Every structure is written in structure tokens, then in C-alpha cells.
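One chain, chain A, links the two complexes that follow: it is found with chain B in the first and with chain C in the second.
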Partner chain A sequence: MSEPLQAIRPAVVIGGNRIPFARSNGAYSKASNQDMLTAALDGLIARFGLQGQRLGAVAAGAVLKHSKDFNLVRESVLGTSLSAQTPAYDVQMACATGMEAIGSLANKIKLGQIDSAIGGGVDTTSDAPIAVSEGLRAVLMDLSRARSTSAKLKALSKFRPRDLAPHAPGTGEPRTGLSMGDHQAITTKAWNVSREAQDELALASHKNLAAAYERNFFDDLITPFAGVSRDTNLRADSTLEKLATLKPAFGRNLGADATMTAGNSTPLTDGASAVLLGSEEYARENDLPMLANFVDFEAAAVDFVHGAEGLLMAPAYAVARILERNNLTLQDFDFYEIHEAFAGTVLSTLAAWESEDFCKNKLGLDAPLGSIDRSKLNVNGSSLAAGHPFAATGGRIVATLAKMLHEKGSGRGLISVCAAGGQGVVAILEAR
Partner chain B sequence: MSARTRVVLAAAPSLATLYARAAGARLTALFPGAKPAGGALPQVEHHLDGLRVDPGKLVDYQRMMGDTVRDELPSVFVHGMVFPLAMSVMVREDFPLPLLGMVHLANKATHVRPISPAATLSATAHAENLRGHRAGTQLDLVVEVGEGSEVVWRGVSTYLARGVWPGAGPGAPAEPHAAFAAPGRTASWKLAADTGRAYAAVLGDYNPIHLSAASARALGMKRAIAHGMYLAGRALAAAAPHGTGYDWEIEFATPVFLPSTVDVAFDVGAGRTTFSGWGARSGKPHFSGSITAL
Partner chain C sequence: MADKYLELVNSGFTKNLAKSLGLPRPSILRRHTPGAPLVPGPLLLLGDSSGAQELADTLLAWGLDVRRHAVGVARLGGIVLLLDELADPGELSAPMLAAGAALRQLAPGGRVVGISRPALPADAPAVAAVRQGIDGALRSVGRELRGGATANGIVLAEGVPATAPSALAALHFLLSGRSAYVSGQFLAVDSAEGKLPEDFGRPLAGKVAVVTGAARGIGASIAATLHRDGATVVVVDVPAAGDALAKVANQVAGTALQLDITRPDAGEKIIEHALARHGHLDIVIHNAGITRDKLLANMDAARWDSVIAVNISSQLAMNEAFLAADLPGLRIVSLASTSGIAGNRGQTNYAASKGGVIGMVRASAAAFAAKGGGINAVAPGFIETDMTAKIPVATRAVARMLMPSLMQGGLPVDVAEAIGFLASDAAAGINGRTLRVCGQSLVGA
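Then we have the complex of A and B:
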């Protein structure tokens, strides 16, 4: 006997806002995560007239966080004109932070627990936390625990000059010691993705993002910050010839097979994004637009530690599961938003879905998921052009896709975001 | 069944003392070959009771290897605990090979079941299977670790004394290394110059070949080399099962000179994980091994 399902209602995407993404150690060098998240929230609040409102929840996060930012999102909310009675919490799931925050909020709305919410994320690699070395930290902790003078002196005696070297966070996977790019290089080679195909995808990202700016697509999705009004990584005049001159940046141990460059990989970037979600009733009562339904989302993870799968391939698995649950095929979408951590990630994922062997032996399917219409992929640009402030990418994509679907007036969009730790989150949005 | 005479030690020998004795023996003998050649292995086993884990050292070990601090003894930590006992066999007057400068060829161990850090352990060590090697003489050091009457860990370490020929002299000439083709890497270990000193600080093994370039050169190495058990410990921290016993083995091909970057591949099969490591720059094979859940 199955339990009766709790009645669920649609969760709708009302709109989004982000600040332009800026290359690391550039325009936002002095801005903190809290500054940027507050700016993204302020813009969203102003756009939809949320001043003084008590929202159901605000959930966001940052991948690189200072220890002082233990309540980053609540502190940011307190700095906005939202009601101080709006609860807020931090989420962290590496580069899928924004997607997990937004998806979980949508679930709460669907269940009727809350009527409105803001989900998003922020990251800075310019104002990154620098930690003291483990040696110095151990000395300081022992010192703080020491009661007597002799115990304090004993703790101090363990200090070594080399302990003064600070430790900055890296993008290396803790369990493998390989950078994310070096991990992707393994996958890129395994799927025989060519340098040319990666450069073409990177070029398309820049051209599409530039075209979207040209037609003012982002006018109601972005508010300027710190004198920046466009993503600073955007190179509208990039060419395949220029991209072809770049030397490999990752997987250099592969020699002639190294194909990943700074041009077809996302740069470190600073920025923040936020998405307003609500029930249909909430949107109607407050006279707010309804761009798209947040239909479903799914997380997956893979064992990259022992080489069973590529680090960034989890979304390939998540998509198979979300399609089955929603009784859809990979071709039933009008837009595909596949986060461009690296061009190789997108192309490896597409190749996997086309592969009979992968779909049969890894996904357990009878037939491959198949190919997609590439003209529907990342049509307004993605992370290669816009940049990728880790936790902020989910909010950028959800807001962009919801607007695209609303403009079209019908259809469905698929989101795929890979993340460190061999994880990924995918989602389905439906036009309204 | 053993014809070996049991020597019960009153306390765990200090590795510093053992190395000093080994160095002294080396000074008197001057050359490795000066040890009484043709000697057989002493028919003794050294035994120690009341072995307890130093909880602080255990945490230091787990941190050093990138392992999780948990209430199970890592297999290589057990090896480190009983290594002084094994050494005490090798520094005996009647042991036929010089200890200093000996290198690890291989290790295998059966970690019979999870061992609690609170356990009181006993250990028995003996040497066996003295035999030739193209580069010298090799032997096995066998250590059994017990809790009560139960054997919970059994390890066999194979060592090589280079250039020492107690028997008929050099055996078969070196066979050329089979060409090594590195598999796809799944991890990369950046080993700092002080890797050997860090290992010594935790497990007390101050063998000069691991400590510094200068001390290693004194023993004929061009630079300090990573401790084989450090490499095994890293591999086990990444792939050993928990909550069950397991067999593991590792063979060493060429030394890892410090500092160095070692590329590593893990391959997970049904109940068995194989691993190998090679020089990220040199492409030379360093080690290979496997872990099998019991």
C-alpha cells in the first residue's frame, strides 16, 4: 500500500538578478562575498518591489567562504530592505550550490511550506580566504587550550618558521591532488574531444553572450556593480584563429593530446546571482510575472577518486534519471543549458549521451539518450564567456533559461551543472 | 612447529638506538661486504607484549596520509608500531646482512580484522627466506601481531641488501626493465622534500636514506627517497576498506627521490583495488600493488 502523495503545487520562477561577473583580481578585487550577494539581492528586491516583505526563505551559498561568513546569507539579507523576519541559510554543494539552493526552495514551495523564496549564490576568488598553515594552526590551538605558563611555552616551542607560509584555497580535488582542469583533461581525452570542437564551443559561447547583450536580453537580469555593467570575461571579437594560438593549460602530461587551454576553460571569476521563486498565488497576489515552472531537479555523484568515472560527468547520470522520472526523452527540450566548466565537459557529456556503450553499461539504458539539436545549446552564452563564480552559476542559468522560455511562450529547458567532488545537479524548467 | 628460539623483549626497542647500533656496526665493518659472508639467518623470533597505541601519533599519522581520523588502526600504522621489533632482529650480531642502506622491495600484509586503537597488542618477528637477488641478497621479515590469542595482522616485508653476496655471488644478470606504459592517472601526489622527515616524526623511522639528501648520499643514494611505507600508507588511505579485514601488497620498482610528483592510478574491481605509481616527470614506475577485502 502506498501512502497518498502530499498534494503539490507548481513552483514558479518569477525573475532573477545578478551582478556582472568579473574576472578574478579585477573589478571586484575589494568586494567581499557579502557585498556582492547583497548587491544581487538589492537589485532583485528593487526590480520586484520586495522591500519590507517577509519572504519564506532565502537560501544561497559560497564555495570559498571565510570562517567569519558562517551566516553569510542571513547577514546579507539583514543588509537588504527585505523584512528582517526573513529566514536565511547557507547552502554549499561546490559549483552546484546555486542549483541545490534553488531546487530545494522550489520543493518547499511545491509542498506549501513557503510561498516565496530567493535562491542563489556568490563567489570570489579575489577576496578568497587565506588560512594559516596547519602547523601554525596547531600551535595556536594548543596555545589557546594551554592554562599554565609552562603549557603555553611548550605549545609555542612547537612553532617552526616554515609554519608562517599561508595556505590559499586551490581548485585541486582533496582526494586526488589533481586540479579540476587536469581531471577534465582525462575525461576530454577519453571521449576523444578535439581541440577544434572545444574552441568552437568557446567561440559560440562568446558570440551568443555578446549577441544577447546586443539585443538587451540581460537588461532585466543584471544590475551593474562597482562600475561594471557587462561580464568582463566576454570577448565579442574572439576568433577561432586567436583561440587556436593558446597553449594547453591542463592535462599537459598528455603531451600532444593536451587540448584544454585558457580559452576553452572557464577563468576564475567573481560575482553573485539571485532568483525569485514563488507559488502561483504569491505571484498573482503581488502582481509578479511567472516566467517558468521549476518542474524537477536531480543530483548525482560519481566515483572519480578511483577512476571509475570522470570528475565532472555526474550530470550525465542525473539527466538519465530525471528524464525517466518525468517520462521525457533528451530531445523533448527547446533549450539546453549545460554549464561550461570547460568546453570539454559539455562535449564529453554530449558524447556520453550519444554513446551506446555508456548509456547501456553506465546508465543502464536500452538505447542511447541520443544527440541534441546543437542550435538549442547555451543560446545566450554560458560560463566560458560569462565566467563562473562557482556558487553564482546556478542562479545565472535558472534566471536566463526562465526568461528564454517565457519569451518563447512554450516548451521546456534542461539545466546541467557539474560540480567538484564528482557531483552534479540537473533541472527541468517549463515555460509559462 | 617453529624451531626458532623465542627472545622476549622487555620493552619496545628504540629505533634511534637501533640505528646507532647499525651505524656502529657499519663503521666497524666499513663495507657492506665485510659482514660475515655466507651466514645463515638466526633461528630466533623476537617477541614483545603490551604494545599500546599513542593516540596522538595515530592522529598525526592519519593527517599525514590524508586518512580520516577514525577508531580503526590503519594497516601501515600497525607496520610502523612493530617495525622496531622487526629491526631488532636485523641488528642482531648474528644477522648476516648490514641493516643500513637496505631497501624495501615489497610488502604484503593481511589485516585480519579491524583493530581498535584501544587494543593491547603483542608482536612476534623473525627473518626467513634468505635468497639471492640480481643486485644483492634479499630476505623476508615476518611479523605477526596478536590481540589476546588471536592473530590480527601478519606482514611480510622483503628487503634487499645491495651488493652483498653471502652465498655464491651475483646471481642472474639484471633483466632489462620491461617497457613501462603508464596507465591513465587518477591522482597526483606532490611529495615535499621533507616527506621522509615527516614520516620519521610520526612513526619514528629515522632511516638516513629518507631524511635528507646529505644523509641519503652517505648511504649511496643520490637524494633522499620516500619511505616505501609512506607510499603504501597513502595508497591504503585512499582505497583500503573499513569495517572489514583486507589483504594488501605493494612492490617497489624504482625509488621516489624527494621532492617529487608521483602520478597514481587506482583501478577498482569487484572486491579488489589495484594501484600503481610512477614519476610524473620521469615516467619511471615506482610501485604497484593491490588491496583485497577479506
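Then we have the complex of A and C:
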């Protein structure tokens, strides 16, 4: 006999804040993860007057993290004007870090364990940790364990000059050696996604993001940082013609079938985001807005190592499960926020949901999930235009979607974020 | 830098050196610190008009050491001249000479405040003569004072007693360290409206105040001052200044609103934020402003139009929205400039906008009074900020030399203090007026 479920209450998205995202080795090249996350938190605290408050929890994370940043989020919180009694912890789930952090916090609120929380993420590829080689590390560890001089000399004698070469983190999958882009290139080809379709999606992302800036949509979602007030990857004047001139950057061994370029793939990016969540009571007591309910979230993982599924296809599975659990169809949404790791990822996922074969044999459904109204997809731009600082993307999407839903005043939105390691997290938000 | 100079001529060996060389020695001004006494010594109350005893009783109730003559007092904190019933220039002699005899006893940072009536066209010529004469006499006292002391006046409309709330609030402000850089100025009290604060240390307790252009400089100082005085502060600035704005908001435990005030819906956005997040809106400080200096001969449309749009047109539009909304008792303080009064080379556009502010508050006073509120302006003189740092070095140096009374530029907090006073309910009897915070000089942005 299992215990009866605790009564649950809504978890509400109150608002968000991020710093503008900046292309790697650009405007934020001297900023650390802690600098950027602190700035994102500071902007959120200022927007909602949270100074001195003890929040239930702050959870965030970074995919690329220095070992000295073992307590990155708590250290960031201590640098803000939040009460020093606010607990904080680090989460790490590759590019789904932000979604996992926010979703887990929402669950705690729903269960009544906490009343308020901030979830988010940060990443920099400009200030990435560089590790010493395994050889040098082994020598140093032996050296630290050695007691006698002779033992120390013995440990040092194992050192080889080649051990001096530093190890920088990459986006390669440890088990396949393939980069994420090369993995997606295989998936993109398998789903017959054309170069033109990818370029069109990339162009739409830039146009939509630029239009959102033009109508001041981001005035209460972004706080400038280090002299930057707009995402530096945004190319408002991009055209299909310009995108068509770019040479393939991934899957080049596919020859004529190589369709993924720097234009329809996200660049390495630096940035941070934060989302304020709370119970209805917390929001009311503090005169804070309620933009959307964080209804549910679901993680999935696929076996990409043995080739059974594409690396970034896990969200296709997670969506099927979250729809069933919530008695919804894929068409029951007013907005779709599908993270644009690559244009090919979005289009492969949409194609999979339309495929009878995939939905029947992979998802175990009687009928395909079907197609979506493309005019509801990433309507204020997504990662192709804004950039993708891995762990910060979830917070960007949740805050943006919550505001869109609140502006519309009704309906629901679907979020889908793929992640390294063959994982993905999806979520449902409902307007308030 | 002025600050370094100020330090050098006021301390140690360099103080004596400056003295023997005859260098100008500006004093360190007496500025407000919470808990400090209102004046740095006993207060001498001169004048024998019918309201004198009641005024003396009120000042005694504030805990002041009030004297009717200065004999035996080593250091006077201030001199108050009650001149509201003078009817002929000949009557000015006694109180002025009594004040003169006591001036040498005035402590550094001491205060001289005259209380009089306005000279109006309908007055008998002798009455108007003495009233207007008081104006000239007090301004001259300001020029003669040293040691950071100041002289100012309060001009009571006919029928308003010296113990009316706004008259007392004005007297309190002018005696206090809050008016450190105000000298040679007259605060006109038009009515007996207003309510003195329960605690003069927190005159804005419970109020919700919006400050535009709050990310830096004078705006950030206004936010800090209003917060210190008890208000909940909403800080507003353009989205591009959002990071500095967030820092200010977090320092004053307020909320940040990233908003371009030249947007047509700026007033509505401000109201919406204040009401939704803080329940009411009591005070708006129109501080946001820009300079685009150029000699008129070299002026272009972009420079001219942007200054007008930000500095005055936006305020007119926002005020329309505030008047249209149900915001009872709303008090507005707008930033003018001495450039808008005396003019300034290279600032035709800026002076037009700031002169515009002075005209706007005068013409808006009745509309805001009808809602139980009011609107006034503060005209800063030379205030050391990021914005004045853009003034060419030579102009700036000359500007400092042309400051005969206090011999120094003011600080952002000096402007903020005057704004805090005018924003308070105690100042409800003051409406449509412009107060200069200029150290009795007329130079600068």
C-alpha cells in the first residue's frame, strides 16, 4: 500500500530575468559564471523587490563549471541582496539544467514544501574550465599522498612532458566521440529535413526575436549586463539569400546531404537566466503578478549510443508521455517553444510527431501526434537568434512563454528542450 | 577636483597655507545626517509681529533652544527674522541691525531665515517696498555669510500664519542640513494646506514614490533620499540602463521598472506598476533628463528634439496620464535647472526644456491641487555628476569661480533633499513653485 498523495497546489510563474546572451569570446569573455548568474539574480530581485527576502530555494546550474564553483548558486545568492538565509543548490542536466531546476522547484511549491523559489542557469564557453591531463592529475595526486622524499621523487618520476597539454571541454559526446552537431546531422538526414526548411526556421527565429525587441517585449524580461542590452547573436537583417551562402558546418562527411550550417545551428553563447516561482498565496501576499501555472514537466532519455535513436530526439518521447498524463493532444496548445539547438532538431522532432511509423513503433501510439500550427512556434524567437548558453536556455524559455501566455490571457504552452547525453525535458504552462 | 580642494583648505597644514595665501576657502557644508540636531546651536528669533510668540512656542516644542536676544550666546545655530507685519521700509532697520549684530556669533553651517509677505501690485506702495526690500536684503545676507551658512526666506501668502504647516515645514527644511546648498532663495507658501509629519526623520513614511532617470547621478541620490525618508521607491530608467537601475533598486529595497519615458504609454505603465505592486502612487519625481549641448549656430534637429522630448514633452504627457487616473493627493516634483532661468552658453535646447518645466509646474498647479496634490520644481545649479563631467573643463573651472556664496558645486544629495521636502505632505501649501538649489549662483546644467 502506498501512502496517499499529498494534496498539491498550483506553482505559479511570477516573472523572469536574464542578461542578454552574448556570442562566445565576445562581450562577456571576462565574466565568470558567478558574475553572470549574480547579475541575472540581481535584475530579478530588483524587478520584484525581493531584497532581504528569505526564499524557499534557489536552484540553478552550469553545464561548464570550474571545480572551484562547486557551490556556484549559493555563492551567487550570497552576492545578492536576498536574505543570506535563502538555501541554494546546483543542478546539472546538460542543456536541460534550467528546465530540471525550475520543474523540481515547481514540484516543491506544489507539495507545499516551499512557497517561493528562483530557478535558472548560466553558462560560459568564454571562461570555460580547462583541466590538466589525466597523466598530470595522476602524478599530482600520487605526489600529495607521498610522505617520504623518495616516495615524492618516485611520484614525480612518472611525469611526462606530454602531460602538460591542457584538456578543454568540448561538445563531443564521450561515448561516441561525435560532436552534437554531427549527431544531429545524422538525424536531420534521416528525417529528410531540407536545407531550405532549416534556413527558413533560422530566419524566422531572427525576425521574431527582432520584432519582440521592437515592441519592447523584453523590457521586463532582460536586464543589460557589461554594456550589452540585446542578444549579440541577433541578426535582424538576415535573409534567406545570406543564409544560403553558408557552407555546411556539421555532417560534412554526408557530402551533398550536409545541410547544417553556422546559420541554422546555435553558436556557443554566454549568458544567465532566472525565473521567480511561487505559490498563489506567496504571489498575492507580495503583490506579485501571476503569469502562468507551471503545470507539469517530464524528462526522457534515448539510446543514441547504439544508434537506436538520434541524440537530440528525447523530447519527442517526453512530449508523448506528458500529453497522455495530462489528457491533452499535441494540438491543444497556443504556443510551442521548441528549443532550437539546431534548426534540424526542431524540424526532425516535428516530423517525428507527424510520422505514423515513429508514433506507432517508437512511441507506442495508435495514431501520429500530428502536426502543429507553425504560426504558434517560437513566436518571439528562440535559440538560433538569441543564442544558447546551455543551462540558461530553460529560464529564458519559461519566462518568455509565461509572459506570452499572460498577455494572451488564456491557453497553454508546450516547452521542449533537448540535451546532451540523449536526454530532454518538456513542460506545460497554462495562462493566468 | 573640487572635493580634494575642499579637503585641503579645511584641514591641517594646507588650511593655514591657504589662509595666508588668501586662497578662496569654501567650507564643508552642514548636510543632514539622521539624528543630528536641527541647527548647530540656539536659535535667535527676531521680530515682534503678533505671531512671534506662537512661532516661538512651536520651535520650543521641537526641542530647540529659542532666544529672543543673542546676548551671552557664544554660538548661534540660526537666526529667524519674523518680518510678516512690516508696513514701511523704515521698520526693517531694527530687525536687520539686530540680526547683523548677531551674525558674528553664527556657527559654521548656521542659518538665517526671513519670514515675510509677497509684494503685490495691489499693496500700498510703502508695504510693497518693504516686502520687496526684504528680498534684496536677505539675498545680500546670503552673499555675506561664510562657513557654509546660508540665508533664505519664506514668503507667506496673505492670511497664512507663520505657524501654517507648510510654513513650519519650510522653516524646518531651511534650518536643517537638508538645505545645505540652498541659499538666497525664497519659498512661497500659498495656503495653510498640509500636514506636518509625525516624525521629521521619516517624513515620507508609507508613501510610494516613482523616480525617473534613477539609474545614476541625481536620480539615484533622489531614490536613496526618499527611501531614507520612509518611502517605498519605484526606480525607472531606460532599458539600456537596466543594470545600474537594478543596483539602485536593490540598494533602496525598491522595484525597478525599465521604461523609456518618451513612450506614449509611459504614464500608464508607471501607474500600472505602482498600483499593482505597491497598492498606491503618492509621489512622482520627473528627474530623467539629457543634455545634447551645442552652440545654437551649430545645433541640429536631433540634438534639439531629443532634449525637448525627454526633458519636457515626456513630463507633459505623463502628467496628463496622472491627472486622468484616480491618484488622490499625488505630489509631483520636476527637475528644472538654473540654465532654464539664467541661460547657459551651448544649452539653448536644454534651457528651453528646463525653462519649460518651470512654466509647466506653474500652469499645472491648479489641476493637481484639485486632486488634493501639488506640483513643484527644483532647479539645480552646478551639481557634480556624470552629466556635468561632460561640460568642458574650462567652463567648469570658471563656473566654480563664479560661485560667490558657498564657493563650491553642490552634490546630488543636495538636490534630492529639496525634492524630498517638496514631495512631502507637509509641503502641500507650496504649489507651482520652483526652488533653486544652486549655492546662490546661476551657473551650470
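Everything that follows uses one rule, which is that the second predicted complex is superposed on the first by the 428 of 432 C-alpha atoms of A that agree within 3 Å, B and C clash if a C-alpha of one lies under 4 Å from a C-alpha of the other, contacts with A are read in each partner's own complex, and residues count from 1 in each chain.
The rule is short, and it goes like this: a residue touches a chain if its C-beta (ideal position, glycine included) is under 8 Å from a C-beta of that chain, and two chains touch if they have at least 3 such contacts.
Since the structure is predicted, the reported quantities are computational estimates derived from the model, not experimental observations.
Undergrad: Specify the outcome, clash or fit, for chain B and chain C once both structures are aligned onto chain A.
TA: fit
Undergrad: Using the touch criterion from the header, give the chain among chain B and chain C with more contacted residues in chain A.
TA: Of the two chains, more chain A residues are contacted by C.
Undergrad: How wide is the angle at chain A between chain B and chain C, using CA centres, rounded to the nearest 10°?
TA: Once the two structures are overlaid, it is 150 degrees.
Undergrad: Pick one for A:Thr176: touches chain B only (first), chain C only (second), both, or neither.
TA: A:Thr176 contacts chain B only, not chain C.
Undergrad: Examine A:Gly112 and indicate which partner it touches, taking first as chain B and second as chain C; both and neither are also allowed.
TA: neither
Undergrad: For A:Ala39, using the defined touch cut-off, is the partner it touches chain B, chain C, both, or neither? Pick first, second, both or neither.
TA: Second partner only, chain C.
Undergrad: If you take every C-alpha pair with one atom in chain B and one in chain C, what is the shortest distance in Å after superposing?
TA: Result, nearest C-alpha distance in the overlay: 45 Å.
Undergrad: Which part of chain C faces chain A closely enough to touch in the complex?
TA: Within the complex, chain C touches chain A at residues 239-243, 245-247, 249-251, 253-260, 263, 276-279.
Undergrad: Which chain A residues qualify as touching chain C in the complex?
TA: Residues of chain A touching chain C: 39, 42-43, 45-49, 51-52, 80-81, 216, 218-220, 222-225, 229, 287-289.
Undergrad: Applying the document's contact rule, which stretches of chain B touch chain A when the two form their complex?
TA: 63, 66, 184-190, 238-239, 263, 265-268, 273, 280
Undergrad: Considering only the defined contacts, which chain A positions touch chain B in the complex?
TA: For this pair, the touching residues of chain A are 134, 174-178, 182, 186, 190, 253, 303-308.
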